[in-house]
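Going in written order, the chains are labelled A, B, C, D, E and F, and every chain counts its residues from 1.
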Amino acid sequence: MRKVIITDPPKATLADANALARFGVATVHEALGRVGLAGPHFRPIQDGARVAGTAVTVLSWPGDNLMIHAAIEQCHEGDILVVTTTSESSDGMFGELFATALQHRGVRGLVIAAGVRDVAELREMGFPVWSTAVNAQGTVKATGGAVNVPVRIGNVIVNPGDVIVADDDGVMVVPRSDVAEAITASDAREKKEQSTREAFRRGELGLDIYNLRPVLAEAGVTYLAADES
Amino acid sequence: MRKVIITDPPKATLADANALARFGVATVHEALGRVGLAGPHFRPIQDGARVAGTAVTVLSWPGDNLMIHAAIEQCHEGDILVVTTTSESSDGMFGELFATALQHRGVRGLVIAAGVRDVAELREMGFPVWSTAVNAQGTVKATGGAVNVPVRIGNVIVNPGDVIVADDDGVMVVPRSDVAEAITASDAREKKEQSTREAFRRGELGLDIYNLRPVLAEAGVTYLAADES
Amino acid sequence: MRKVIITDPPKATLADANALARFGVATVHEALGRVGLAGPHFRPIQDGARVAGTAVTVLSWPGDNLMIHAAIEQCHEGDILVVTTTSESSDGMFGELFATALQHRGVRGLVIAAGVRDVAELREMGFPVWSTAVNAQGTVKATGGAVNVPVRIGNVIVNPGDVIVADDDGVMVVPRSDVAEAITASDAREKKEQSTREAFRRGELGLDIYNLRPVLAEAGVTYLAADES
Amino acid sequence: MRKVIITDPPKATLADANALARFGVATVHEALGRVGLAGPHFRPIQDGARVAGTAVTVLSWPGDNLMIHAAIEQCHEGDILVVTTTSESSDGMFGELFATALQHRGVRGLVIAAGVRDVAELREMGFPVWSTAVNAQGTVKATGGAVNVPVRIGNVIVNPGDVIVADDDGVMVVPRSDVAEAITASDAREKKEQSTREAFRRGELGLDIYNLRPVLAEAGVTYLAADES
Amino acid sequence: MRKVIITDPPKATLADANALARFGVATVHEALGRVGLAGPHFRPIQDGARVAGTAVTVLSWPGDNLMIHAAIEQCHEGDILVVTTTSESSDGMFGELFATALQHRGVRGLVIAAGVRDVAELREMGFPVWSTAVNAQGTVKATGGAVNVPVRIGNVIVNPGDVIVADDDGVMVVPRSDVAEAITASDAREKKEQSTREAFRRGELGLDIYNLRPVLAEAGVTYLAADES
Amino acid sequence: MRKVIITDPPKATLADANALARFGVATVHEALGRVGLAGPHFRPIQDGARVAGTAVTVLSWPGDNLMIHAAIEQCHEGDILVVTTTSESSDGMFGELFATALQHRGVRGLVIAAGVRDVAELREMGFPVWSTAVNAQGTVKATGGAVNVPVRIGNVIVNPGDVIVADDDGVMVVPRSDVAEAITASDAREKKEQSTREAFRRGELGLDIYNLRPVLAEAGVTYLAADES
């Protein structure tokens, strides 16, 4: 592991991050071709938050939050802190003191492949968190790691400056180079979904809207009355 | 796997489903002799919902929601959609567009042995869901499966037309042939529980109400003061 | 397994338990030197509860709640019931009838290494519960166990009369002999955290407050501008 | 749960079971249309065993092996004992004493959705076992269950008299009514696989043998040289 | 956590450890009243080993094997090294270099609530290991812990000097004060099992040997021919 | 997801792969600075295999092995096939027919983040496999994916042409650009380990060899005789 703190990585713009926040995780994931999800193990500690921001990444040793301290200095308005460990851990590496420091700097939230604590206080502060555990277990500050290097968060790689989108459906990353495409494609998808939603409200069926009856037939699916089966 | 859509399975009546909804999962499960639970992996995405309805069942290939589209056409007032996959999956096979279509048809909720997405929207719509995961991961519409065949949901088999009962304690199935017995037995159990509840409120003990002191003695359990132990 | 019910174990005082409740799990855990947590598998069924009380412990056979009935008689004002099984189980061993009996006796909550049911009712009653599962699966009353013996709850041993502290961050035990130290140390930690919190609000960094820059250097962590990396 | 011991269920013939043993789990599963597997949590305690036999089923309370004793009396030459519990358990319900009794009766093996112990002795005896755990934890003999009723083993329902096939790939059930079809279809599949195997040995490709190049094209998959990508 | 290395804890005798090794885990566990198992997550990396020895205990920070180095100096002929971490970890904290050092000192094996590596070499050396993971992930040597304090290994507490028994069925602890009783009770159990084994070989049934027919009847279990059910 | 088959990715040389095979996973992982492991969920189906080769990567839809067929055509002497799915799956995507085709082409083994079947046959053929499951569950050939794109295998990203090293300790990747460094560093580490091994055989302690006594002291670890504690 390269022990380094990268101080000024290029980032997506906040205007672009804000544009993606409007769509939410499921829409952006679909719009980009079904890629980018961190996976179902990342759960919000609160209901109803939807944020997007630019990633500041942290790679820590398990049971050690030294590098989170180092990362805070690298955080700026509109960032989302993204923390992972070199091997699997559920320790409570993050609590309300860290959140206080991050809120002061305009950071929008935390995504962590480990545990958090002080969840009652975090909810009250309105600092949104997605984590793989809630755990009061404390950590030391002893072993070096890295800040603003590429890190793996569940199923995906996050590079510093990528856009993180997170809501009640989970967490995803949009690579910095794909942000413009993601906004355009999400906008198109949302428009198409609105039209489908209205058709569904009128009682139309997906079988017809998406022309799936031939797909069923080709797949060998047949219809049968119950008394024939 | 038999690739078939059964179009008109016999169903329990909605009056009977409504009667069971009144009791809730724990009571009906006990009344039927402690059978029928899907198991603790099925969790509600909302708090406080309690529903019962007749099962429309779906067997899908993992990562593929083609058969949910086919199933919606088979859904009617008072149904609950019950979805499983041929092998374990946490993909987000279901979201608010499907829920929109189902609400139009009077469907009361979803039980799914896989993931759902758009959970903020589903909560807002008041469409109750019990799932084994929340996950934005999208699916294709390519491989055939079955609708209204017997399916396994966690620990139990659901036949189309059976009654599903679901609340904050989980999900259970009442086979169509046992619904009448379930209502009678649940009613009896509820009355008995009400009497026990009142005794407990007065400070009586289960040891006496259920005559468990002899059971303890027969099991070899003895009483000891702390300073003797 | 020794099948015994200890009737009068010595206990921490309620005044001390009340003092610990004020601090919460994360603070007390840190104050005691990062020990005592039951682990992240114990989750509250409600949001926002924070309680402390003296442990009445129960060791049950899996699928059998006989010993909970025996334990209730041993419960008094200010206790917290602590239940585990001889081998891993997620059965719903506890529901609102038990909670009714416990509330009558002034018991403050339940910690259970198994499942609970009637969670909607328990929330409504305001009886706080931390469990490893929610499950309607019922149990029998057949096999002997023990009450008020030392039990393992996740990662820790609980002796009867120890103080249990539980909140949204999880569950911990403070051994009876350590309660006075825990109060003193938690109070000191809280004061120190308040000072740190204020520094963070002013924008100071943990790197400086905790003097971590030399630690980073000694660990071989270097700073690098992005265009040099 | 119906507490009953069914004494003389109809069974598939041993000749048919023997025929299925020859093919193994993967072949029979495919031949029947990809159904019948208990799932990957059932693992053999030995390498290289491949057996088939008629199911004698047991439904036990967790932590209680009373019904295995009752089931042994119902076992005959060529049977396979199939044990599950009413809720999830990893207790060591079965060991070499039971295996001694079953070998005396000509029983061919054990499939158990729980733990086994004495695995060194079981391997030495040549009594094959597929289980979900290895665990020395002992059980009581106190609570009633059922023998020769339909039971769920992982992902499938086993009826008494069905054929169980088990090998290093796992465990599957062939319903009694499908045994003849399973033999015919497995035989056909094996012949076809032999021909494919020879083609593969000559260096032919599945893309050509199964005519998959058009499938790739239709799915939108394109070929690209590395220096164009 | 108390950071301390206890240098000369009292230990059970090796003669007693040797006596327990003869019986194996399942027998000793039953003989002591079904207590003492570490649980099914501890698996051997080899087949067929059966050892017993006196525990030298290690409590390490996750991702850090400093305290194993400290513990080796405290190890003597006939010991078994018992390692756990302050929070859950699967890192590969132990490999063949450590085993080389331990074999030199006459240590009989390792039980570790974490990962091991070099498993091919460990098998070849004949150094038996029971672990919760196999993992090549390396660790640092930075954070203090403890040696020869009470530690939790899965489901049980191990005190230094207790006897560890381990074989293909898992790992158990016999408290130093219970060793004499464990030997006597295991010997008695083994004799009784030998007699039961012979009865089973003759075809007698557990239903009769243990007088279980009345238990079945009292539990409400009835016999039914298949054509009546 | 980009649906593409890259036909001629640059690869590490076989001579370099062969050099790495000599060291094994634990040594190379340490030599590279403790990076590159796929994680403990990847387990060998055989004992004692140690291989290294150049990665041909496959990204498949869950439950669908179409892209494995496409990948085989891209495989050459000395490759290792590396398969993952777009969402988590334990289906048995690979069996002895595929292995037959790969052996014909000189492929050295398989690493798969999913299930395999025909494990008895694969062991007999001497085709080594590391997988996350053994499962007979079959798959379809319907949905497009990618070959020779970067894929995630557990904790790491594999690029086509990277070197895969796998043995009883697990699976790791060495990026193509790091192979020369990995060989040099592994060689140095092996020499150092040989010297440490000899010191350990003579009874020297890691505390002295690595100069850890000051580390213990600085960490606040103290020595205490048992009768003082």
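Worth pointing out:
The criterion applied here is as follows: a residue touches a chain if its C-beta (ideal position, glycine included) is under 8 Å from a C-beta of that chain, and two chains touch if they have at least 3 such contacts.
Worth saying up front: this structure is predicted, and the values here are computed from it rather than measured.
More than half of the residue-numbered contact pairs at C-D reappear in one of the options C-E, B-F or A-F, namely B-F. Of all residue numbers that take part in the contact between subunit A and subunit B, under half occur on both sides, making this a different-residue interface.
With each centre defined as the average position of its C-alpha atoms, the distance from subunit C to subunit F rounds to 40 Å. Centre-to-centre separation between subunit B and subunit D, using Cα means, comes to 28 Å. Measuring from the averaged C-alpha position of subunit D to that of subunit E gives a distance of 30 Å.
For subunit D, residues that reach two or more other chains under the stated contact definition are 34, 39, 86, 88, 90, 135, 137, 142-143. Contacting chain pairs (ordered by label): A-B, A-C, A-E, A-F, B-C, B-D, B-F, C-D, C-E, D-E, D-F, E-F. Residues of subunit D that touch subunit E in their complex: 3-10, 66-67, 69-70, 72-73, 90, 92, 95-98, 100-101, 104-105, 115, 117-120, 123, 133-138, 141-146, 148, 160. Here subunit E touches subunit A in the complex through residues 61-64, 86-91, 135, 137, 140, 142-143, going by the rule given at the top. Remark: subunit E residues 24-26, 29-30, 34, 37, 39-40, 43, 47-48, 50, 167-170, 172, 193, 196-197, 200-203, 205-207, 210, 212, 215-216, 219-227, 229 touch subunit D in the complex. The part of subunit D that touches subunit B in the complex is made up of residues 1-2, 33-35, 39, 86, 88, 152, 155-157.
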